[in-house]
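The two complexes that follow have chain A in common; it is paired with chain B in the first and with chain C in the second.
This part shows the complex of A and B:
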């Protein structure tokens, strides 16, 4: 580990934070829970470490960035809300159970108590657990800068692995999405190398809304840790749409998720395993979003 | 002597309160006034010639107090338990990424790292030797000038070829095992100090302070008496701190600067530079007769020992010794190679060569049982060694043998008895359950041909308590608690009256290593000897003070008394003396009661000509059973339950045995399912715990430990040892359970989800990539 001297600033307002971040551009970085940033600082620059960094901008004192609220069917989660709070929050457990599941699967109690949803999004790891859930919820993120705020679709914040599209000076203030109605069910399924402290090797988030007759009105399927960019797999969603899903339909949709992954990534050495494994967890997630627990 | 009161009781660890409250200071917690931070410059290449080392820029940095290279090693520039082939500081070439090229001491950790970066080393890279079998070829580049085969062992008995011809079943397979990391919580760390007289004290977690003292003295060219090594408490070792780690670096820096110096390896540095379990490729051909009698085993082991010897040779010897497990095997042809490569460093690791071969053998055993249509447990029981049998290497099993007893207990454990019922109820239709079993014996002590002795001291303190000294360090296994229990019962006092002194080369006598499942047996026997002498010394003092004949002195709990008072005379309270009073009386005469005890290990009736360290006389035995569930869609394996049935001889502390057993199960489970230090072209790809995956508490199964005590007459209170065996058969118990669940055989561990999934697909006849 190479030591480095870093300045640490603790702005009290969003304006102060943005001013500082603009001024120092690539030499400054926001720190929220620090569970990604601090790990990156330990790494040598040539192995993805934060090269050229001189300032950490601690946003934890800025008021109004933490907590979950809901108003007229829209749920807002402040950027500083921790995984632990989200996993336990009644509004989320009711209105976006898959996100509660995703947050509950992050790391360990210690990591969940420090890591924030804002950090999870902005770090833009392909394996980030909240991202597929937020994609399946069609969430929007709000960025704040000196000139005000702008809202963009969650999928538009990503530019590639570990790269987000925010401009220097922009701070993520929160994410927004519509609470799922009672006609919706959802699921988040993750495949790791062990039961806890496991980075997702694959994951899949699914939201399904059905009508009184059991027909799928709307399906959202977002796999994680396997696509070049976080996204829904509309071709798989279409297989479910309008049907009362039976085994064959679910199998077909799950297979399509896996095939779409291969189309988007090409065949790699790991494809032999990842394709059937993704199919298996997509199938599990879809069934769970249909109310059938196939474990 | 009275019935033991402490031995066999569920005594809580004597260090428990200090550990759970964080009061206990490990060596890496120590600080001294004026202390400097030391750091080690590691190699930049897995294999290269050193052309030039320039330290001038580093020396010029403000706050840098010393920069040392090979030129500054006053004594032998090498260390190694068997052959000192590892340079303290490299001079002509580097052989792995963990090789030390220079040392620095500076006023802060940051300055020390800055200095490391300022040292300029010119290398000429050499081709990397990373495949042990290729390394064995004449044409391979040489890691060491005298060739890459560090050690070769060959043992033959009987006629395997004839046995293979006559056998009803012969199975032959190749097995691959991973490079497991010890993953102790405290990395290799410590502090060295020097006094005005030039005496050096090295405070550093390790497994044998006296051998460290010798190796440090040799490198420093100093009288060992001027060097003290303190290595209790150690924050976990598992064999990874048997060899020298940072002790010599610490001592060199303290010697040069005259100031206290501390080194704490980061996890990454520890992962790259530290010891690992030998990856082995094992070819095994095993035969049995139609009635299920094992006839022959032919074994070829190639072990990747990495850049230096350390204990690679002995590990391969023990792999050979354990390759026929707990079975009678009349015909054997066993061969092992220990090969140098540029793949890190491999050496001692809990199990010491047995883990690899027992995984292979116990898989072979299941295959043969299946081919013969025999019950797996019955097949094992039929062939298991009994006392008086001749073992595979030709020595006679005269000590206690618990193979059958542990198998008997296994046949009655719940997951074995109810296995069909448990298998019939997986948690989901695409999941399959299976139950696996495996057994082994495990050599205790150092084996034939190596000096193996113990020593203990006991001193009666002024307050009536006893200071008991045994050098075998407390590395977390709980040996100091077992020592205190044995001392309490041997002396006739309470565990609270024992003050343990452990792992200190100044205040204890050399009792050897805390390795090889030996410390409780060795230290216990030495304590028994010292305690008997202490009782005599106490009786002498008491007899004189009470004016009673020496034979009349009887021991109570914490006191002695003159047994019979002359007839008619009322019992006097003065007829009884507490240990404290004894201490006072002795003190008043200017005496301190202090005794020493010693012990030399018994050994097997025959060795293996030309080799040291094998076979053993005393073995611990263990059978382990696992219930697993395999997800056939993803290949994930979950261990649901495990039963661990050790025969440690007398369980001095059943809680301690359970703790060993549970830790061992989880360690062997990690070995079976997830752990592997990946090294590609000499570069470690898994240098920390986000990439090197070990089981967490959430992954651990429900573990039941059933202790079977086959008392060993030569052991203290009948004890043998158990520290290693507990992590061994669980690995094949798990892989055999995967077979029981799915029909696939695991020959390559860890059985990761991918490997299991691919094997399932191959079994289903689907080509890869379908």
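This part shows the complex of A and C:
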């Protein structure tokens, strides 16, 4: 793995995990599927490698942390559930198709077989694919510690790129959100989807609910990998709200997503490329969430 | 709670290609280290070491994984299949046959990983389209062939395997009468490729 000397513990319960994590604080790190952690261990510390790390805390054998379930309209995904399991799970494909799409777009079959949703969230990469989908679903995450559990909004778990807001003993145990009703459609569109390993630099997740007359009663738009912090773009959502969307409305909403990105990030060297690309992706995602497939 | 201190070693037990093994590992060893160094199963290759190339692909409980990204300690009690497990009773797997036939092997570095991804696909989906195949090997890079020969080989192997009926995983594959016999030359060729360090 690396020249540093690492230790490894395999807790059997959440309590054991939290106790160890509290005791060793910044010298210990959770490992689930390891697809981020093992890459980080190979990096030199000055390039984001795991400096000062002494212990890996392998939570993969703690019972009850894997799998998808649903009860009275709420879907729960255990932290250890892999991208592959989520992508093919019937509850997700029906109740949150955009998340199934996001998970299916991750990496490669090998990465999807090992990478977990908990790791994707807690690694807090700006390019993590499940995050925009979970933001558009207004998901909540549950953190467990010695004193019990607490639930927070998905957007509150991020502190910045590669930084989450969990406390040293806290383990993410699951993600929760309401299943989308049949009146909702959703889409996740990612740039460069066909190059399986290009970690997307841009994506967009959209959920749209319409009434019997076709008017938008709810819209959630969350772009990925382009905002300083994961978030919805409410100014773009408002453009769609209450309307029976036509081409001009969709174009305006998509343009607003891109303009909001520029407002939040400022103009950068990449803006000339990113702005039109994000606008195109947002347009495609919105149309797909309206039931229209456009290339 | 199992604890392996920094620098300490411990013994893990798991199955490789159907057989139980015990290996001494440290917390820093990865599955690929255990396979290549601990067990001398050098068919599995290490290319990038960071999950990008797929040369190290093996099956873990039947699923293709990058063995460069799996800590050895996570393999305790589980089942690993490597390229060495594909041939049965001295006879190459239909995938290996097809790779030779279609010149899908050039330098051969990607081949073991490619074969394992393909084996996982065919086990789950005996009738893959070219698109299914492309997706299944999307985590396996090949710098030599341009993929077409590889995809055709996998298509062909799927047809052969269907004609023969299901090829069981693990031990005890029986082949139908009249199955093509591997030529000595091609057997030597793929064996030397798979076992070259």
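As a convention for this text, the second predicted complex is superposed on the first by the 291 of 295 C-alpha atoms of A that agree within 3 Å, B and C clash if a C-alpha of one lies under 4 Å from a C-alpha of the other, contacts with A are read in each partner's own complex, and residues count from 1 in each chain.
The definition used in the following text is that a contact is a pair of C-beta atoms (placed from the backbone, for glycine too) under 8 Å apart; a residue touches a chain by one contact, two chains touch by 3 or more.
Source: prediction; values computed, not measured.
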{"item": "Which superposed partner A:272 touches (first chain B, second chain C, both, neither)", "value": "first"}
{"item": "Which superposed partner A:60 touches (first chain B, second chain C, both, neither)", "value": "second"}
{"item": "Partner chain(s) touched by A:294 [first = chain B, second = chain C, both, neither]", "value": "first"}
{"item": "First (chain B), second (chain C), both or neither touched by A:12", "value": "second"}
{"item": "First, second, both or neither for A:280, with chain B first and chain C second", "value": "first"}
{"item": "Chain A residues touched - chain C or chain B, whichever exceeds", "value": "C"}
{"item": "Overlap of the chain B and chain C footprints on chain A, listed as residue numbers", "value": "1-2, 39, 108, 196-197"}
{"item": "For the chain B and chain A complex, residues of the former touching the latter", "value": "109-110, 113-114, 117, 266, 268, 427-431, 631, 633-636, 674, 690, 693, 695-699, 752-754, 757-758, 761, 768-769"}
{"item": "Chain B-facing residues of chain A, complex", "value": "1-3, 39, 108, 191, 193-199, 270-273, 276-277, 279-281, 283, 294-295"}
{"item": "For the chain A and chain C complex, residues of the former touching the latter", "value": "1-2, 4-12, 16, 20, 31, 34-35, 38-39, 42, 54-56, 58, 60, 84, 107-111, 113-114, 196-197"}
{"item": "Complex contact set, residues of chain C against chain A", "value": "1-8, 27-30, 49-52, 54, 57, 60, 63-66, 68-71, 73-74, 117, 120, 135-136, 138-140"}
